Structure formats: C-alpha cells, structure tokens
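Here come two complexes built around chain A, the first alongside chain B, the second alongside chain C.
Presenting the complex of A and B:
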C-alpha cells in the first residue's frame, strides 16, 4: 500500500502522458458524452412554453451543463481497458509488478483528469457566463460539499467500472453487461432526465442504487437543489460509502478472478 | 532456487463443432474438455543455473513458466521460487523474478521506453540513483543509446526486444524466466541477446530458465536442458549427455578430392557441396576417420555434434513411439 502511494505521482504523470498521446481518442470519447446537450435542447424548448414542475429554462441549462461537466470529469474507460487486458492476456504485465494492478489503473485514469478538465473548461465558462449562473451554489459549505461530491463521484465511477471490467475473468465477453449498465445508469443517475422529474417509483428505486451518486447528486448540490448543507454532506457520505463498498466488492472479485486467469496469449 | 514437485495445470476448454447449428446448440448445451497442459512434472534448479526448457509447440513450456512466475495458479503440486509460492505473488517474490515473453511486449506502446523505465522504477520502489546506474549499464551492454526516447511503436522488433530486456531487468531480478527472447530477431541480434543473458547470469549469479525454438540459443547458453512433451517431463539433464545418448555420432566436415565410394566407407554422407563434404561418423570410429582424412590431404577439417534439432526430433519420436 505504501509503495503504491509512493508510486502514484509517477503513475499519474504517465497517465497524463498517455492521455496526451491518445488525445484524438479522448476527443472522440468526449463526443460520445454529449447526450446532456441533446436533452438540454429538448427540455428548454418545453420550458420556454411554461415551466415544467417548477423547472424553468434556466434550471435546465444549469442542470444539463453541470451534468455534462460532472460526467466528463468523473468518467473513465477503465472497464473496457481491464476487460480487454484480461481477454488478450496483457494484464499479465500488471500482475508481475509488486503493486496491486488497481493502483496502476488508478494512476492512468487520475492522470487523465487534467486533460478532461481542460476539455470541459469551455462548458464551465459558458455555464458561469450564462443566466444559469444564478442557481449555482456559492456558499462555502455547499461548495466544499460539491468538491467532495465530485471526488466521490470519480471514486465511485472508478470502483464500479473496475468491478465491471473484472467480470472479464468470469465471462468471455463482459461488454454486453457494460452496455446494459450504461442504459441503467442513464435513467437512474439523472443523466437523461433530472431525477425529480421522474415518476416517484423510479426515484425511490434510484435511492437504492449507486448511480445517482455518480452524477445526479453532485449536479443537485451544484445547482442548489439540495435543501441545506447537512443534506448535501449526507449525499456525499452515502456516495463515499457506495464507493468504498463497490471497491471492496471489486477487490474480492479481482482476487477470485486472478485464480481463474488463464493468461492466454500473454 | 526453483523447486517443482508434481506440478499439474489443467484447463477446462469449451468445445464446439463448426456451423450455425452447433453454435445455437451451444447456447443450451456446452461441452467442455479438460486439457492437461502440464501433467505431473518435477524438477529442481539451483541458484545461478542456466537451464533450457525445451519441447514442441503445446508441450506446456509457457504454461509452466507462467506458473513459476505466479501468473497461473497450479491445479496441483508444489512450486517454490526463491523460497516463495509464486501464486501468492508477494511483492518480495515479484521483486526477485522477471518474465520476458518474446511474443508479448510490456513496454508502453505509444510512449518511449524511458517512460516504462520510470514506471518500473516507481512501482519497484528503486532508489533513483541506483536505478539510473543500472539503466546506464543496461544501455551500454544492450546498445540502447538513442532508442529509449523514441516511441515504442516506432522501434524495430530487435530494438524493442532489447528495450524489453532492460525494462524487465531494471529491478535486477535474480530469477529470469525467458520465453522465446530471441524470436524473430536476426542472427546478429540473437548473438547480442545471448551474450547479454550469459553476462547477466554471471554478474548476478542469476537463475535462468530459457525456452527457445532456436537451438543455437540453447546450445550457447544452457549446459542443462529440461524437455517436456504433452505436459510430461521426458528428459532432465546435461545437454551434451543428451546429445551423446540420442545421437552418438559426430559430424565430420572436410574439403578433399576423394572418390565417392571412399567417402561412403568413412561414414554416411550428410552433405556434399562445392568440394566440401560432411559425413556422420559413429564416435567409436572418429579417430580412425579423422586420421584417414588427414592422410588423404583433407583440409578445413571440423568435428561437430549433430544439430540439436535432430536430437530433439529423435527424442520426441523415441518417447512417443509405443
């Protein structure tokens, strides 16, 4: 553990270097996450006629631009990476290093965050410059909770994706499950439609799933849709509990998976 | 030191006949076979030994190597490498071994090898000054100057393999598992890699287990060979003794204008080109034949063991025969 922490700065630096080397792929990847812009166009045209359940155009602009920023800052492709490395046997190289492979993946994807931040900076500028600025939180308690929620969303997404990628030890092609995941995420995270606008039973189900903590909760904190600071920190606590729990599950699954690993091709 | 006792590694493999009907049937009913990649092998390798690990394709060499390196969990048996159980992959174990696979690269593909070296330095917790010194030595021995700052994808196969070796040895392991380290390399590069491996073995008293389809690698590097076929160990011992046992003949080459019937009386003609003749001679008649050739004004006389390829072919044929 101590060695992994000591190696983390180097791992992050190499992760950033790789992200720069793969910048074209990253741009293409970012282009696949523009769904909030499509939904923004749809909902603002609805809200221009009349507010929808007390959500006006300005609220939708704030929500979807914030969603785009959160999604791009906290997402990664580690599930695909792990699945491919297990399938082709290239994960063998990681298994020969004296740190847990998760530390290597962590460095790679943390290292890419600055480039992701750079890519979404124009969206953040538009958000702050628009009239939607009025709904953004500014008090220190909410801003601190927002920062913690962004870190938590990153950690939770990473833990969930590491777990999904680890399925490749047990399944020939886990990509199908990853695709199913994305459909479920899109609904229960608030990625497609803000959770408060969904039917009550969907909201109730979302409370029992981790997805809203990956996107909807940080966005709700950012645009002042959480009643007070205590409620915001409660969401953050729930989010970090999910992240820790899923990381534990992923770690156990990894150790079981490695026992089944056949290292074909690598 | 490496100790292997009764090692077995079996894989469960899904079998399906070709065609759409078989594909549809396999949705409900799957047939599995057990492939015994390694089946009850035992051997011991002492510290500092260089051992060739030989066998035809699919014999179980790479599977055994992967078990020894901790990538695969054995189905049965005991494996100890430098006092560690490889499957547990203790950091202390991983610091002492390396696995180089000629057909797989571990360098970061789109970045220069120097970045892989920085990564390894960090994850192995190496002292920067010591790592720089080691890298300097490796750069000199392998001729890496000018290569380490070019993206890996732009290196030739030989250049990449040299950089792979440097990455694999930066932490100065004392047990080397080398799986086809010279595959696809030209002859000059093969010689460079062989010389380097021998030098590393002697400098660090490192244990080397080598697989190679190039028998020249084995002859040049490994006084001892372990041969497996079909997952079973079929020979473990001195390479020269194996050659002598399997083919107790020598190849005698010379240049001389001798009548064909006289040459045939000396031994079985293996090759005759541009006046240079190579004959196979039983060892018991070697002195007599060499004396005769010299008496008949033969020049450029050379006596060699038969090629290791021939020895292996005969060994596999003998062991497989009912």
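Presenting the complex of A and C:
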C-alpha cells in the first residue's frame, strides 16, 4: 500500500505523458459525447415553445452543458483497457510488478484528468458566458460540495469501471455487458434526460442505484437544484459510500479473477 | 452499392494482372460468396442469436424513452405528433440495423487492414477494391434490428390510421435507399481518411454518435443544430424525409433533390476513395 502511494506521483506523470502523446485521439474521443448536445438541441426547442414541466430553455442549457462537463471530466476507459489486457494476456506483465495493478490503472487515468479539464474548458466558458449562468450556484457551501461531488464522481466511475473490466476474468465477451451498462447508466444517471422529468418509479429506482451519483447529483448541485447545503453534502456522502463499496467489490473480484487466470499464449 | 464499372486501383502489382473485371454476374457471385462466409461464421455462434435478439429489444425500448417522456406532456413538437415521430424513429432503427449489419463491420475491418499492411492482399485481388472492402464482412444477426424497426413502423402507421398508398411507399423506400447511400458515402470518406490518419476507430465512433441525432424529426432542431444537421451532416435526408414520404407530406422536388444529393455524395466519396488509394503506401514493407 505504502509502495503504491509512493509510486503514484510517478504513475500519474506517466499517465499525463501518455495522454499528451495521444491528445488528438482524446479530443476526437471527447467529441463523440454528442448525446448531451443533441438532447440540448431537442429540449431547448421544446422549451422555447413553452416551458416543459417548469423547465425553461435556460435550465436545459445549464443542465446539459454541465452534464457534458461532468461526463468528460469524470469518465475514463479503464474498463475497456482491463478487458483488453486480460483478453490478450498483457495483464500478466502488470501482475509481475511489485505494486497492485489498480495503482497502475489509477495513475494512467488520474494523469489524464488535467488534459480532460483543458478539453472541457471551452464548454465551461460557454456555460458561464451564456444566459444559463443565472442558475449556477455561487455560494461557498454549494461550490465546496460541488468540488467534492466532482471528485467523488471521478472515484465512483473509476471503481465501477475497474469492476466492469475485471469481469473479463470470468466472461468471454465482457463488451456486451459494458454496452448494456451504458444503456442503464444513461437513463438512471440523468445523462439522457434530467431525472426529475422521468416517471416517479424510475426516480425511486435511481435512488437505489449508484449511477445518479456519477452524473445527475453533481449536475444538480451545480445548477442549484438541491434544496440546501446540507442536502448537497448528503448526496456527496452517499456518493463516496458507493465509491468505497464498489472499490471493495472490484478488489475482491480482481483477486478471485487472478486466481483463475491462466495467461494466454503462455 | 459499389459501382464496379470504372475502377483501376493503384495496385502495387502489375496493372494488367490486377485489372478488375467488369461483369455484373462476376460481382454478384462474389457478393454471394462473401455473404455466405459471414453467414457461416455467424451460424457458428448460434447463441449470439438470442443475445442479439435481447439486445435489439433492449435498445428498441431504450430509444423510445425520450420519446415517451416528451410526448407524455406534449401533444406535438414542431408539428410532429408522437406517432409521426415514431415513424422517424422506426426509420432510424431500420437504417442503423442495415448500417451495423452490412456496412460498418466491413469498413471497420479495412481500417485494421490498412494499419497492419494486410490491405496489400485486397489490392492484389482481381476485383474492385472498394467492392471488396465494402462487402468483406456482414453481421447477419443485425437483421433482428431491422425486423424490430419494421414492427415499430407498422405499429406507428396503425396508430396513425394511415395506410401509405403505393406511390408513398415507393417514395419512402427510394428515400430510405438514398439515406443509406448517403451514410455509406460518409463512411467511405471516413475510411479513406484512414490512409492518411491511421488510428481511426475514434472517427468512426464520432460518425455513429452524430448519426444518433437522426432518431429525431429534423424539424425539432433549431438554430445551429438545424444548420449542422441539414448542410454539414444531412440527417434530415436520412430518416425524416423517408418518414415524410410515407406520411404523404413530402413534395416531389424536395424528394428528388435529396436523391440527387445522395448520388452526388456517393460520387464524391468514390473520388476521394480513389485519391486515397493512389496515396496508399503499404505499411508492411
């Protein structure tokens, strides 16, 4: 553990260097998250005709731009990376290293965060410059909660994706699961449509799933849809609990997976 | 789809040996062989049929969520009722099924070939390279998506109480074909780009994620989106116009312009592809 912590700054630096080396790919990759923009176009036209259930076009602009920022800032591709490394057997190299493989993955993806922040900066500028600025939170309690929620969303997404990637130890085609996961995530996180606009039973179900803490909750805090500071911090607490729980599950699954793993091409 | 008439790929081998034959039956036979190979491969993984079927249903239902949420509180959006928007959605599902079944797998494979150098062998074969590349691989189970889309289309038309007459049906089919040609042309241009920019999976993802916007009637988008989706990426042509034709709302001039546009796009894509072939420098040697 201490060894992993000592190595982490170096691993992050390597991650950053890798991300810079493949910067063009990252930009194109970020551009593929067009779904919030398409939904933004759709819902602003709808809200221009008449507000949709008390959501005006300004609310939709703020919501989807914030969703775009949160998604690109907190997402990573560690699930695909792990699945691919297990499939091809390159994970063997990682297992030989003296630190836990998760530390290596953490470094790679944490190191890419500065570049992600740089890439979403234009979206943030547009958001702040637009009329949607009026709904953004400004008081210190909410802003502090927002920062904590963004960190938590990153940690939660990382834990969940590590868990999904680890499935490759047990399944032949984990990609199908990841595809299904994305569909579920898009609905229950509020990525596709703001959760308050979905039917009551979907919202009730979403309360019991981790997905809204990955996207919908940070966005709700950012655009002032949380009643007060205490409620915002309660969301953050639940989010961190999910992150810790899922990381634990992923770690246990990883160790069981490694035990049944037989390297390909040995 | 590929016109086998005028091609002379810049083959590394002697031009005479690689000169493509020009007979239609030859290409029809070739297509049959390629199809049979894909089908045989697919039949080896019969369990995938169930998985794919379940996935088709899953995404079909998923696609309907925003539509249901929106029209639960609105009778119409930008002049489109729920049922009419459902016709557009059905077109989208059908078209995407065809794209992912017949076009994306082949063209995705060629990008890998260019990277590894295996594309040399494609160029050496005595047939048009564009034809070979476009028909290399099929994903037969995607037919389930197409079936789901057709069911959705029938359901929407029944709910509307609208039976398209023969002219509307023909116009809808022709325009759906034009939309397919247009998407194929865009895909071919993206693949041609792979000759210069090798890592390209991302670009393909970009194209399909933008194509996702075609599930909505073009009229619901305004301002910047309208401009992008009409002129930059003509999504309106791809799914909205066939729906309008089926519903009998499309005037003849617009329809003909869309078909002409698709033909022009195909010609441009072909030209870019041939330009790219001339610039091909093998990766293997």
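Keep in mind that, in the parts below, the second predicted complex is superposed on the first by the 265 of 266 C-alpha atoms of A that agree within 3 Å, B and C clash if a C-alpha of one lies under 4 Å from a C-alpha of the other, contacts with A are read in each partner's own complex, and residues count from 1 in each chain.
Keep this in mind: a contact is a pair of C-beta atoms (placed from the backbone, for glycine too) under 8 Å apart; a residue touches a chain by one contact, two chains touch by 3 or more.
The shown structure was predicted, so the numbers you read here are calculated from the model rather than taken from an experiment.
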Practice problem: Kindly classify A:259 by the partners it touches after superposition: chain B alone (first), chain C alone (second), both, or neither? | Solution: first
Practice problem: Using the touch definition from the top, say if A:39 reaches chain B (first), chain C (second), both or neither. | Solution: second
Practice problem: May I ask you to decide whether A:14 touches chain B, chain C, both, or neither, giving the answer as first, second, both or neither? | Solution: first
Self-check item: First, second, both or neither for A:53, with chain B first and chain C second
Solution: second
Quiz item: Regarding the shared-chain residue A:6, is it in contact with chain B (first), chain C (second), both, or neither?
Solution: first
Quiz item: Between chain B (first) and chain C (second), which does A:187 come into contact with in this model arrangement: first, second, both, or neither?
Solution: second
Practice problem: Indicate the residue numbers of chain A shared between its chain B interface and its chain C interface, in ascending order. | Solution: none
Exercise. Give every residue of chain C touching chain A within the complex, in rising order.
Key: 51, 55, 58-59, 62, 65-66, 69-70, 73-74, 77-78, 199, 202-203, 205-206, 209-210, 212-213, 216, 220-225
Quiz item: Which positions of chain A touch chain C when the two form their complex?
Solution: 25, 28-29, 31-35, 38-39, 41-42, 44-46, 48-49, 52-53, 176, 179-180, 183, 186-187, 192-193, 197-199
Quiz item: Which residues of chain B touch chain A in the complex?
Solution: 11, 66, 69-73, 89, 91-92, 94-95, 97-99, 101, 104, 106, 108, 110-111, 115, 118-125
Practice problem: Within their complex, state which residues of chain A touch chain B. | Solution: 3, 6-7, 9-11, 13-14, 17-18, 21-22, 89-90, 92-93, 95-99, 103-104, 258-259, 261-263, 265-266
